[in-house]
């Protein structure tokens, strides 16, 4: 173990878990502004069809499962240091982690709350719709952060509409955030949807508390854990519940054999 | 509400969540021996390909997700009273429940522990492989039964081998069961894999404690809840976290539109 | 294990746990409308005296304890498949289960929440009086369903008054139910008193969510588990915490020796 | 509020919750050696019949319920400051508390663990038989002390035999206690049965850790809370879940009207 | 073990954990009115400097840590039966307990909730400022009483102002207390700051529920546990997590060697 | 928010929380090998006296509290992006966080488990002595990771001896680690003391699972969160429980006014 003076760039694959590529460009643009100079980020969407343009429902998430595990395996084969599943439900995270070999797999809910727990003792999550609350709350509890959760507050906006008029969305987030602070005693906010990118700064300035943007949180955490992998060979456990199917069995059934199910891919190279 | 003298048969669809039909006949045979005379049971496997012949891995479960939600929707459209997802991981249960309309969706882990909690205060789950333990334990906790769990004990046998030599498997279950009773103070056993069908009776007689066969537990619970639906119009909630995607949105994206992804189907009619 | 073509009727004893027989007839009438054709149901009240006409207080419940355990033992001796303790406090359930031999003992709170967990992810319980809330909430947590509980809401009506003017009671339940849905995000309701029988249907239709009547839930679950006992020899564990006193010791002290403490008994035979 | 120079003696009623008076004298003798000079202690057993000579089973406890609530009410009417239910199951504690008016009601499990939590961070409970474990563990969790519980270890001796040969019983407790310390990292012990009185001192000296005798713990805590009641008018809440039945209703049904169900009574007066 | 006819007085040291002696006299006066005739109580403040006049902040508490552990050790050396850390945050309780030898160390939060749990099933804690809530709630959960906590309600008054106008403070407590009862279904109140001494009686009378004054609760509990120590040699465990540093190591580093860090000391002798 | 092409170095202060400087050089050397080229790291020890050379006891930790909060405040005044408290007990973490202004404060236990939860579902912590277990386990639970904890295993070595013979220490860790894997089903290991630095690599290679070195985990996480602060103005909340004492009050009492309590300081500049 020694200083990595001339290390290779950390390579992260950001997956928009939809068979729809409408978010690829705006999210690439956003990531381009926040990524580390030394990282190479590939933003992809999946190629399953038909596909909805959002994952607000469990039934929609289900459609993305096969592609996501296939992609996790592909990330390992392509030597990615980290893969991000870009939905705050952390869709198929455990399944993707099982098949990702040496690639670290991350997702926004877990990454965001881990960072928030370094900035405060209680946070609220602002979500688009009440429908999401129970499932996300279960996630937060599953990760162990139930006692940090001041509240979950919905702004009544669907994923598809979050970026339509960012001034309106921001205003709704500010209103919900103020209620979280005043009524629920939240000390920080997490924006509970990857489609709220670009809004956190204003909210943070207006409310004067830490506001976690889930794309920033997850992308930067991916760069961080990717670096840990490069520098300290810290890659996922393959024991116990982390054990993947044996390669022989995968071959026997011809699983995950074709090309990775990627619809569109945008690569942002190191500066 | 009045007595249903001439009621229609309860209709249950049992899903073997694999793109592999090797279990369909033995499970149909087994179900034929345990079903209610008045029930109509359809045993199906899925038609996705390639498919493994077991779901021991999360990555394998992921492959079954799209078909399972599609099938849940189809159950509603075909007027099934109940649908069973035949894997003790309760694969995709929440997602299938979201899309099942008026059909009640069940799965073996939840059904088995609910029945066991009426027969004892502490139970152990006997599983095939250590790999399964963490995930199933999480399920048991998610359903609220963590305090009932005396232990989970593995017999070191893969799904594919459980029915190969039932005498050997039974012996291993007996050994694990005795340890559960003596060391973990289990008061009842649950067999933690649908592929252990046909073995519970001998174990129950030898150990002298209740032993839950997950196929029996889930099929009979499905008949029971199917009857509740017929007699008392008790069908799943469609509010809050149970809210499905709007029909208009499903049509807009052309989702779940083709025929149900059924590979093989065996129907057992009322006697 | 084979199909039970000519099986005997399932026999269930429903116990109104009071030394007061005023509920026996209306509850028999209600049960007559919901029972399975093949079941034989005996509705009994206890013969201890003096007795209150309700069990709203722990001190009242205490008076019913000796009779309830005696009755559990009698159920086994009379060959009942299942016994129901008809109070939503699930009065003396663990004690009765200890002495019930091969008879399965059920009670409304546990049965209702087990069924509700198949219909939704969050439910509220509508109770008669605020006094009941803490005790019932503890029960729900004890059974493991604390995370399913959206809220408990009181309508401010005593047991004795619940059936006085069912239109009034129904209206109060509707009001509390709407608040549970809107403020607490309940997805289903459970009526938290056996004396609310006959009201659930209207509430279910008006609110459009599953509404669990505790008599229906428990009686039907008792028929179901009684059937499981007949068909699969699934009767309660007698190990560990389920171990009853030795017969020799019971005889030595002359316990539970007289006739069963039944005041009044109404039997509903199979159709 | 001022110094109570000439205060009346604290009056505590210790209840052996059996219709059997065999423990009354030895326990009186023991209490006589540990009580405060200023306290007046009445040791009573109940007069229900038939009665077992132990409460190892829930079915036995059930027989004591009516007398215990009646006695709680009587304690209030007789002006006792505190009442103790002398069984480590804390039999009928909540029910007795409901009806005890201004009398504080205590029981050994709760009193012992509260004291132990001031002496250590982890304790083990030594019980007579494995049968008791689940029920007592539930109690400990119900009181909130689940995280303090290092283990529960059984010595395989019935209540009736605990005092037969105290040398043998002490030896068994020492063996179990050493295992609790070495294997379970217990830092203190609680003797989980009131019939182990007189043994704690030797165990404490041999093992060099705090050992809680449940009679000492509960009797002294009762004197303490009785003093708090006298000096600061601190008596039980009568709101919410602590609300007793209205007096009018008790009279209407003629409940708790006869003499207190006391079989035998030994009074130890202030010195 | 035998009756302690001529026992020595129980000796308790009450520590105001500040390098500020302004509370020493009023608290001594208060303690003088509530102490047992046979007890000797020493009220001390610490001699660290600079010191704030309150411990509302964790950063302030930190300043008191070294003196508190030193004092715990000194209590043992001076033969005190019990030591009280007089702040409702229970500042440095675990650390002081580690070094207190045979002296029992208590603090107001733990003592108050233990007593409250004998008087009710749900309590609310009335605190000075919202800032305190999270930390105290964590304490309550740490002690195991999370399920007893109806609510924590702030009256918006700083420690320094609590005794400025007791009529005003009392009025605010009454208002918060009524809300706790009506909205949160509290059955008893705990005053969550040692500087509210002298106010509980009026609140108790007005609201008609038990109201715990933390000084009374802790001082009396200290007398009680001090008595237990004298009479039954019940002193803290020194095993496992209770193990103190070896004396040789303490000497080697010259720790805790000077005089006890006491600024001012008021002794109240037995009557 | 835009790309930080020419950003200033991230500045982290690593605190060895002892008034003893013996670890400063070896830890600086270790940090020099793992730090990011762009970071500036200052390694300091505290200047309180007398001081032990380890923090294995709560009483020792207590001595470091005042300096740690003072140092947190100083970090903010000196413009550090992050401060690390270098002890796996996470000594005074909450108190230091309260006073750290815009500086993020981290500690090894929290940082290590957050990283581990991205690499596995169950981990064990290898500690030096059994004494540490309860306190560290409480920490893990407090952070929410109780369900991830497979076990804590002690190797029976004091802090002072951990680096004496690294071959011996490594062998003991390997033995404990193998038991954690085989008996407790751990999927990864965390080394539960900052004085185990330099050992993780060999353990990781031998056992073939992720092994977290707490210095690496915390230092790299500090660089990561320091970067988040620089790039996204993400600094600690100052609301609710995170609220610091008002500056006016700090000045009024003359608190934290002298020079920072630093004994020795080693600065490692950006490459």
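Note that the chains take the letters A, B, C, D, E and F in the order they are written out, and that residue 1 is the start of every chain.
Convention: contacts are C-beta pairs under 8 Å (C-beta built on N, C-alpha and C of every residue); 3 or more make two chains touch, one makes a residue touch a chain.
Only a predicted model underlies this, so the values are computations on that prediction, with no experimental measurement involved.
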**OP:** In contact with chain A and with chain E at once: which chains are those? Just list them.
**Re:** C, F
Subject >> Least hop count linking chain B to chain E through chains in contact >> reply: 2
Original post:
Between 0 and 180 degrees, and as a multiple of 5, what angle does the rotation take that fits chain A onto chain D by Cα atoms?
Top reply: 180
Subject >> Most remote chain, CA-based centroid, reference being chain B >> reply: E
Original post:
chain B and chain A are one sequence twice: same or different residues at the contact, by the over-half rule?
Top reply: same
Subject >> Rounded Å distance between chain B and chain C, as computed from the means of their C-alpha atoms >> reply: 27
Original post:
With chain centres defined as C-alpha means, what is the inter-centre distance between chain B and chain F in Å?
Top reply: 46
Original post:
Rounded to the nearest whole Å, what is the centre-to-centre distance of chain E and chain F, using the mean of the C-alpha atoms as each centre?
Top reply: 31
Subject >> Contacts with 2+ other chains: residues of chain E >> reply: 94, 121-122, 130, 133-134, 147, 185, 240-241
Original post:
Hey, how would you classify the chain contact layout here, line, ring, star, complete or other?
Top reply: other
Original post:
Hey, which chains are touching each other here?
Top reply: A-B, A-C, A-E, A-F, B-C, B-D, B-F, C-D, C-E, D-E, D-F, E-F
Subject >> chain D - residues contacting chain E, complex >> reply: 1-3, 5, 32-35, 37, 94, 104, 106, 110, 114-115, 117-122, 143-148, 181, 185-188, 200-201, 204, 208-210, 212-213, 216, 220-221, 224-225, 227-228, 231-242, 271
Original post:
Okay, in this complex, where on chain E does chain F touch?
Top reply: 48, 50-53, 56-63, 65-66, 68-69, 73, 92, 94-95, 98-99, 130-131, 133-135, 138, 142, 240-241, 243-245, 249, 253-257
**OP:** Please give the residue numbers of chain B that touch chain F in the complex, ascending.
**Re:** 130, 133-134, 141
Original post:
Which residues of chain D touch chain F in their complex?
Top reply: 121-122, 147, 185
